[in-house]
Amino acid sequence: MTDMPAIATDLPAPDILRCAYMELVVTDLAASREFYVDILGLVVTREDDDAIYLRSFEEFIHHNLVLRKGPEAAVAAFGFRVRSPEDVDRAEAYYRALGCEVRRAEEGFVRGIRHAVRVQDPLGFPYEFFYEVDHVQRLAWNYELYGPGALVRLDHFNQVYPDVVTGAEYLEHLGFKRTEDIQDENGVVYAGWFARKHTVHDTALTGGDGPRMHHVAFSTHEKHNILYICDKLGALRRSDSIERGPGRHGVSNAFYLYLRDPDGHRVEIYTQDYYTGDPDNPLVTWDVHDNQRRDWWGNPVVPSWYTEASTVLDLDGNPVPLITREEPREMDVTIGADGFSYTRKGDTDRGFKLGNQV
Amino acid sequence: MTDMPAIATDLPAPDILRCAYMELVVTDLAASREFYVDILGLVVTREDDDAIYLRSFEEFIHHNLVLRKGPEAAVAAFGFRVRSPEDVDRAEAYYRALGCEVRRAEEGFVRGIRHAVRVQDPLGFPYEFFYEVDHVQRLAWNYELYGPGALVRLDHFNQVYPDVVTGAEYLEHLGFKRTEDIQDENGVVYAGWFARKHTVHDTALTGGDGPRMHHVAFSTHEKHNILYICDKLGALRRSDSIERGPGRHGVSNAFYLYLRDPDGHRVEIYTQDYYTGDPDNPLVTWDVHDNQRRDWWGNPVVPSWYTEASTVLDLDGNPVPLITREEPREMDVTIGADGFSYTRKGDTDRGFKLGNQV
Amino acid sequence: MTDMPAIATDLPAPDILRCAYMELVVTDLAASREFYVDILGLVVTREDDDAIYLRSFEEFIHHNLVLRKGPEAAVAAFGFRVRSPEDVDRAEAYYRALGCEVRRAEEGFVRGIRHAVRVQDPLGFPYEFFYEVDHVQRLAWNYELYGPGALVRLDHFNQVYPDVVTGAEYLEHLGFKRTEDIQDENGVVYAGWFARKHTVHDTALTGGDGPRMHHVAFSTHEKHNILYICDKLGALRRSDSIERGPGRHGVSNAFYLYLRDPDGHRVEIYTQDYYTGDPDNPLVTWDVHDNQRRDWWGNPVVPSWYTEASTVLDLDGNPVPLITREEPREMDVTIGADGFSYTRKGDTDRGFKLGNQV
Amino acid sequence: MTDMPAIATDLPAPDILRCAYMELVVTDLAASREFYVDILGLVVTREDDDAIYLRSFEEFIHHNLVLRKGPEAAVAAFGFRVRSPEDVDRAEAYYRALGCEVRRAEEGFVRGIRHAVRVQDPLGFPYEFFYEVDHVQRLAWNYELYGPGALVRLDHFNQVYPDVVTGAEYLEHLGFKRTEDIQDENGVVYAGWFARKHTVHDTALTGGDGPRMHHVAFSTHEKHNILYICDKLGALRRSDSIERGPGRHGVSNAFYLYLRDPDGHRVEIYTQDYYTGDPDNPLVTWDVHDNQRRDWWGNPVVPSWYTEASTVLDLDGNPVPLITREEPREMDVTIGADGFSYTRKGDTDRGFKLGNQV
């Protein structure tokens, strides 16, 4: 990629608070509303014929998710909130210095947000930075509105990109702290997790053909909330929306579930990772052959989870072309004929659980 | 099987209270002790060089599980408690009338139990009936001894037998109530669940080559207790003991987990089925093609769960020869090239979740 | 009470399956509907201008609770289901032999039930016995309808009566098994718990002026369901409906919460007692001075819980006059100037938690 | 207090990461060990004849709690971790500029920490600031060591001080963000909550005679973990260690339990407050008369919770004299003859739950 923008500059990075919202393009707004509102119970802040603005129960900013009607399913923006209006300016200058496409919208790109900047970042992803946002009621105490699977916070994004080392370098320059990663014995990096707020991540990089959006994750308070979402999907005869899990992650130590929305966008439901706010928070590096790295219980990662992801759009709304991963792929080195995984390092008797293979 | 004993008699059946204990033959007593005591936290009532007697936290009879050292892994007895000493006599007469092999042990076949009768039942399984048993402390209130995954009750047995219709007829004559079953559109019965106490089952029949023991199940209070057992197995680098789950059953509506002990004996951890004590408790019949019947979330049943089970012993301690199932097998009609399953009946677009297949 | 009917007869007792429903007279049907349906989430089987029929999520009979509009709050019936139509006849004969007022309604006393018998029992309580009942859908699998505090079963009744010894004798003749009781060092019995199904009780006797109805109890699956009910009542600014708890009972080992409905009828929410189905299930006797008997955590029992209860009606709908308890009262011997309670028997330094007294 | 140091200076405040540890002086090290290690399950990092160093399961720094043997129960230090060694220098300069007593220990005041500064702050509390600390194994994944009530993080301190307005001003200058407070209609401030990390607080001020230490709080993952701690204390016949709760806070929306250790030091167990990391996080102000402010379920706050607290020591180890609160006291305005509380503002029929009063 000779034309790739720089990934670092000496200019100060904007002070990013946290991942704040994702704008998803969906092909059937009613079907998406049924999924995110009727089934998952996200709270509608605003809706019109073109878009639905949703938030989680503990959120006080206007939205954590925008569903916008469009011809092809895609991701239009990964929205990050920054500490101040000046940090929006810093973001604008930072990405211009990198040579990226940058747009500014004083009235905001979406409702409820003003004075925002969108960029196509050096990896090709559409990032938005904003500070000014409408405050709405934090419904944390409104238990009369909670369902059994209530989503209380937006937790993180996950991005697919072929070169995790370069992507990590870019994010670390931007001020993210790496908390965990997956590597092999040759130093190949398969994935990395990167935080601004005090959790394991605000975003992650998953090695693969990209740029694509792997998933967006919402938190529940407890594990039983996640189990209930599965029970409800079963009751609605939509269990085929469950792609993977529920289970315990090795990475992040969180309890998880992966769903696919009506357009195939992947949504994770997530709870109980750990505090990472200290500057010397210990980095955890997992061996790609450790069969408990992605599921602590050794349950298999389904192939679709490795291979499928959502298109991302550039600032003109066009799909960003994919770059092929050239390094080994995690699925190839862990599943099937050429793969090798272990439950106990050095124990070659049993790899991952063969009973799970048809 | 021309020599098969009768499955019914006009004599009164013993009044069975509940499944009460299983006697497992294990090849390495120390390894089994580590699994059942150190990992699963069952309470040791008694142990010597040859056997360990274990109970659950809410039990007040001597044991729910006997681990006996032996040369080959097997099941020596499915123990049922009956209402009175007279019911032990009734059991003896009942099985003699059926033409079964019957043994009586006034001093008991195992420690803690007296005046017991063992039979090789018409299906070939070693059943024990007893009333007299040592009472031990019910540790229900001894929270200082509970671990995070505490097993509080023995819930049920599950037996593999080729002819579920005949097996069900036998159990129903013996006084069991059928609560649920799995059938296909041709009336083939793949499995059935049978209760004496007020839960979904004290034992179940799973269609397959048998007689074999499919699993023995213990209850926890809540679902998080089961999740913890998985977390602990991961921490001990024994996640390959997890064969299937955790998940929500369709049948029984319970939350479940299947483990394999060091000998391969299958143990289920189970919680929250429903009350079945009324005589007209509605029978629930599941379609074998319903992909949510065994896992409400549509997660795949691993092949080993269908095909592997424990040898059962006759009253002389010899393995009981297997009878081959002649009817269609559940695995064959639901997984893979010849299988067909649905999430939504009549919706032929998607069967079970293909993402799960390698 | 010279005219008190006999409490025992040689006639066979009806085979009672379980407590099945309570008929409450309420003064404001809309207010009661808001409490039981909108807040607690019970399922409406049927409703008209005079009555609402409610059931829990795992129930398959027509109702577990009838709310009937009337001029004064009261209890019209404690409904028990029996094993067969013949057991209804047995109930009729049994109570006639005791000298009780007995009524039979072939069309049923309430909708959904037929061929029922109501009696004013020797203690003065209106008991109903029935077998024939409309089956309705068991909603156990209908998770799309569950709220976070879903009530899944009717668990038990609790009755206030002055002479617990006599009351217990009556119930034991009727076939109930005593599972737990509270006594003092002089053998005074303060309360007893009595079971037919395999739980700690289908009904209980609480010593006090009676006959009155102390509470009716519904089960949830897990403890967090009960905590949620409190959270929701707080969100609705109805926390003053919470009378006592949540907490862990000593007696029964269950997790509990006591609410008061708009008429003051007490409702318990309850989960996780233990199996009691064996005939030799060990009786647990608690010392009335043991401060953990009613709350395992030693939290105080509020006075209203001891003193307030609902009027019960005779078969003509008239309030049954109260008989005064002549033996010591539990509240008097455990709270305040004359009371003495201990956390550790023999440790006289600290009684119940004084910090709790204003 | 004419000699009170200044509460603000123009010098830069140290960048405080989080509350990190408390040093408690205890009178019986073995009794304290039993409480914190055997009962609560904190992890021993190090112990000798004089002191025990404990940490929570997700911690990676040397300790969250130091128990030091001494003649009188007291608090020797509230330890805060800062972002860098330079921030320790900033703390030293900052407090010197305020006119406070300041000590520096290059070898640390306790084991595992170096280059630390201790001050007696303007309110009289012994604060410590440090960056350099031994890293120890983060046991987050070591589920084999977890008990059912595992404490996973130190969450916050709570300090008693007479003048909350002045105390808040001091903390806000020091860089803390106020997240919630309790006021009355006259603007009297009864308590305030102050955060550095992204939770509701790292420390709080409770109005009362002070300076004293009100409590130190540890987090669990879920609510059932807290309930288990109560169950275990009951099983150990130590339920009188439970002072208040469990319950749901209004303030913070967290689930809570208050215990008293063998010396009377108050320990809170706490879970599930909300994210507060944005600079414009909405301040929540509670009415002191709102009976759900401290317990969302309206359960009473016991008087001892308001009146008792731990002595704090100056840098020479002497008890800091108390200053009397001159403004109204929360207990006086909410409980008893002169108090008035409401469940529903404007509803004067019912105040707090009278059933709770003896």
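Note that the chains take the letters A, B, C and D in the order they are written out, and that residue 1 is the start of every chain.
Just so we're on the same page, a residue touches a chain if its C-beta (ideal position, glycine included) is under 8 Å from a C-beta of that chain, and two chains touch if they have at least 3 such contacts.
These numbers come from a predicted model, not from an experiment.
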Check: Any idea whether C-D or A-D has more C-beta pairs in contact?
Finding: C-D
Checklist line | Distance-maximising chain from subunit D - centres being C-alpha averages | finding: B
Check: In whole angstrom, how far does the Cα centroid of subunit A sit from the Cα centroid of subunit C?
Finding: 50
Checklist line | Distance between the centres, which are taken as Cα means, of subunit D and subunit C, whole angstrom | finding: 42
Check: Whole-Å distance, subunit A centre to subunit D centre, using C-alpha means?
Finding: 35
Notebook entry, point to check: Which residues does subunit C have that touch at least 2 chains other than itself?
Noted result: 141, 222-224, 231, 234, 250, 296
Next item on the list: Within their complex, state which residues of subunit C touch subunit B.
Entry: 17-18, 58, 60-61, 81, 83-84, 135, 138, 140-141, 152-153, 197-198, 221-223, 250, 253, 272, 274-275, 277-282, 296
Note to self: Please output the residues of subunit A touching subunit B within their complex, sorted ascending.
What the structure shows: 222-224, 227, 230-231, 233-234, 237-240, 242-244, 246, 248, 250, 255, 291-292, 296-300, 302-305, 335-336, 343-344, 350, 352-358
Checklist line | In the complex with subunit D, residue positions of subunit B that touch it | finding: 141-148, 150, 222, 224, 228, 231-232, 234-236
